[in-house]
Amino acid sequence: MSIEPRKSSKKWRRKLHEVIYEADTPAGKTFDVILLIVIIISLILVMLESVPKLGERYEDEFIIAEWVITIFFSIEYVLRIISINKPTKYIFSFYGIIDFLSTIPLYLTFFFGGLNALIAVRSLRLLRVFRILKVTRYIGEAEKLSKAIRASAPKIAVFLFAVLVVSIIMGTLMYLVEGPESGFISIPVSIYWCIVTLTTVGFGDIAPVTPLGQFLATLIMIMGYGIIAVPTGIVSAEFTHGSKNNQADSSSEKATEYRHVNTQVCQNCLANKHQDDASFCHKCGYSLDVN
Amino acid sequence: MSIEPRKSSKKWRRKLHEVIYEADTPAGKTFDVILLIVIIISLILVMLESVPKLGERYEDEFIIAEWVITIFFSIEYVLRIISINKPTKYIFSFYGIIDFLSTIPLYLTFFFGGLNALIAVRSLRLLRVFRILKVTRYIGEAEKLSKAIRASAPKIAVFLFAVLVVSIIMGTLMYLVEGPESGFISIPVSIYWCIVTLTTVGFGDIAPVTPLGQFLATLIMIMGYGIIAVPTGIVSAEFTHGSKNNQADSSSEKATEYRHVNTQVCQNCLANKHQDDASFCHKCGYSLDVN
Amino acid sequence: MSIEPRKSSKKWRRKLHEVIYEADTPAGKTFDVILLIVIIISLILVMLESVPKLGERYEDEFIIAEWVITIFFSIEYVLRIISINKPTKYIFSFYGIIDFLSTIPLYLTFFFGGLNALIAVRSLRLLRVFRILKVTRYIGEAEKLSKAIRASAPKIAVFLFAVLVVSIIMGTLMYLVEGPESGFISIPVSIYWCIVTLTTVGFGDIAPVTPLGQFLATLIMIMGYGIIAVPTGIVSAEFTHGSKNNQADSSSEKATEYRHVNTQVCQNCLANKHQDDASFCHKCGYSLDVN
Amino acid sequence: MSIEPRKSSKKWRRKLHEVIYEADTPAGKTFDVILLIVIIISLILVMLESVPKLGERYEDEFIIAEWVITIFFSIEYVLRIISINKPTKYIFSFYGIIDFLSTIPLYLTFFFGGLNALIAVRSLRLLRVFRILKVTRYIGEAEKLSKAIRASAPKIAVFLFAVLVVSIIMGTLMYLVEGPESGFISIPVSIYWCIVTLTTVGFGDIAPVTPLGQFLATLIMIMGYGIIAVPTGIVSAEFTHGSKNNQADSSSEKATEYRHVNTQVCQNCLANKHQDDASFCHKCGYSLDVN
């Protein structure tokens, strides 16, 4: 299905590509803002529809609004496909699938009726927000954050494993000590309670009532209190370390960040992260400019 | 309404200005302490008035006390206006508006009756405390604190956005899994519960009862447990970094702090942060001393 | 009442002083351990006595045990007074008052009957533990800890003030939004709830039920979530900074710690922190050794 | 019972030893993975058996499954003993005792009937997981973690002691202030509540109702809020410090880690941590290779 780019006749496709996929031009920015607003409205509608009083009272309005949004998303999806050289690549990309799933829930109700599961599919539209936000100035920070978290991942994995082991042992003990009368009706529920306590959430729907159970609970809490320090310490050290490195090679870092701030996407192969002054795709050599 | 300063005849105004706006003289300090006490008493009265037993029993006493405070604030407000050269500048400044709002609640009851909303307006008096506390030795620390927080702001914004996204996705899932029977009566309520859980507050007014719901809750809690490390790590790194910088340029820092410790406020343009040995306003050249 | 030290006849007093006030000799150590055990037993008795079932069943046993402990403390208190040169100095010192209060609760029941408040007085015995623990190897760590906390004190004070202000403002808002029906019966209770929420404790005895109230609660929680990072960051930075300094001047630090590890207390003026090889009190010149 | 190694005839024992105790060969890895799966299945069975609905419905299936697992563990235990030169050393080692306890619960039911305590014994199988996980790449991280925690131990001990003291004092006060009507039925229960609050868990099964009690609770919470910063700060500083040291001596560290990554265990003396190219045990000189 790959289509040869012909500069003259396909100019509108390039233009369309620029509006839909990029945010460097006023038209592209406007498109992104409109899309963001529609997505957020559609999410708010899903939420409000679930509120019993509103859902029943404004049932028709909700259906109409969902129709409008579905049609908008359908048109957008079709435009995304026709404005690109290799549609299959887009269709099976992560965001391509998200876009498709964002579009179909209403169509599916014809086949399956008003399934509850469709609410989950409609909520997936949230993920579309990320593509649009890619253009914000927070990317650099988000990348630093995820880098620090990724660097801490093995330490945190060991730590979470330790939490799990403590929860299983203490959960079993609490089940034996407290028994079903206090709400510890089974070992899985006891483990659930144990995690609720270790993480200092403490719902209180289940709480120990025997002196021994309360003593064990005290141990679990103090453990959790000491334990909460560990992931925090890990991430703190990672950030402290990271921020020192950032200062050291701030010049090279800045260069890297600079490269990412434009939102050019190659029309041919969907590659992004082009340099600001690039005229050709650094992956496939296809021209990036609208001539 | 701008009035030309005439040294001889307007001496009492300069004196008044010094007492009300500054805290370098004994009279100024006494005025600030009295004002602080009146504000705190007025806040305590608002609180106690809301206690059902007290509010009914001592209704008359509360009204009398509120009248005394309102008259005190009215006089103070008038004095503030007449002791300054450019009253409009004060009236429309942040603290000018706060002072006005602190004064009027009782007068408004003549027009609107005993509105509940007036409690909120009366609580705004709390903000007046900040102007007085400006003179304490904690300013330096407060500035360092707010600097560290401001420096972490973009990272924390990214992080809060992530928390929001997790809450929306997991909240929708919990709504589908648990349903209205367990208290998850709508998606907004589920999202509320999700934030309650992620932040490890855990009221327990809503709690999952199905095994799958409890399993999801466990995931959310462990996520929250890991997540709590992130803002802490960010701020820790910022403070560690900050305290290092502070050591490095402690000499220049000290100089900066030094400049702020006096409470001189120009009578003409309300500019503050004058140097200790300044005789003229660094903004408008108006004389700062009472001669 | 000051008595002149006479080396020959008062040898038993010096010996007694050494046993009671110091922990360098086997006899002194044994005395401290026995005292520690008696204190802990007396504390456990206070606790168990409050348990309804136990308190009624073993009423007589509890009274006998309290009598034994009171007599033991009485004898110890008398010995402490007669073994020292300046008894008044001891009697009005911090630990002298604690010792006195630890001894008298039972005697007071003759005058006032079984007051509940005496439980609080008896619990003060806990503080006696600290004098004994002074001799453990944890002193160094405890000092570092308290130093780090003291260094962070002004920052934490600013921070706690901010928490208080947020609690007052949000508490008033929640009172207006939720009203007495949801448990927010007065502004002080709302502020209490606000602090419960901000600190992520979340008892759940009071919880918002209106959508607006839940939305405000969400804001408070996320604020608390971000805020919890601040004191942690402050203390982390302080510790990180502190541990660096410790490494730098570890030699001088070691010397300081060394000076504190013996438990010599001057019999004349109660000064402590003598050097290990000191033969005379560094404060009053009184001989430290038992000759 | 020590058996002399004879190369020719005992080759199968060496082979068996390698499969059971090491994870360097495909057979050894397969054995470990199968063992891990059986252990996890047995743990899941213990948990599910405790769920009332499942435990009654599938009672026979649970008994059959437990029999299969017990027989598997019994065979494995016998093989472990016969494949080693000094069986007594294994039998009385930590993991030897765990293995034994993992095997016997079902046999014990013949003597004692279906005791609840056997559930706890069966849960001990969890500990067997650790031996198998020894081979994963997380060892290095786990060691760093436990090193940082161990280094912080004395500081954390001082801190926990402080928490305990605060809990005892505030718990006693809360008991006196709130009394049995609010759920503070005894001092131990009050102390339990105090720890629940200080650690920010906040079950809400007990909550203060009097104004004075709520005020004290507020103090406890803010204290807990400030206190939570301390262990976090300690561990953060330890990690920050640790990660700096790691960078400094990364070369020597790498060498150390390298030595640990193989899973060779001497058949004669059970020593581990052999170098990768070792042919003889570094403890007893016994040949490590299967010839």
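Letters A, B, C and D name the chains as they come in the text, with residue numbers starting at 1 for each one.
Convention: a contact is a pair of C-beta atoms (placed from the backbone, for glycine too) under 8 Å apart; a residue touches a chain by one contact, two chains touch by 3 or more.
Computed from a prediction, not measured in an experiment: that's the story for all the values here.
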Roughly how big is the turn, in degrees to the nearest 5, that lines up subunit A with subunit B by CA atoms?
90
Identify the chain pair with more contacting C-beta pairs: C-D or B-D.
C-D
Same or different: at the subunit A/subunit D interface, is the fraction of residue numbers used by both copies above or below half?
different
Taking each chain's centre as the mean position of its Cα atoms, how many Å separate subunit C from subunit D?
35
Centre distance in Å when subunit B and subunit D are each reduced to the mean of their C-alpha atoms
49
Enumerate the residues of subunit B that touch no fewer than two other chains.
188, 200-204, 228, 232-234, 236-238, 240
Please name which positions on subunit D make contact with subunit A in the complex.
43, 46-48, 50-52, 116-117, 119-120, 123, 126, 129, 137-138, 141-142, 144-145, 148-149, 156, 160, 163, 188-189, 192, 195-196, 198-205, 228, 231-232, 234-240, 242-244
Which of the residues in subunit B end up touching subunit A in this complex?
154-155, 157-159, 161, 165, 168-169, 172-173, 175-176, 180, 185-188, 191, 197, 200-204, 207, 211, 214-215, 217-218, 221-222, 224-226, 228-230, 232-234, 236-238, 240-241
Complex interface listing, subunit C residues touching subunit A
200-204, 232-233, 236, 240
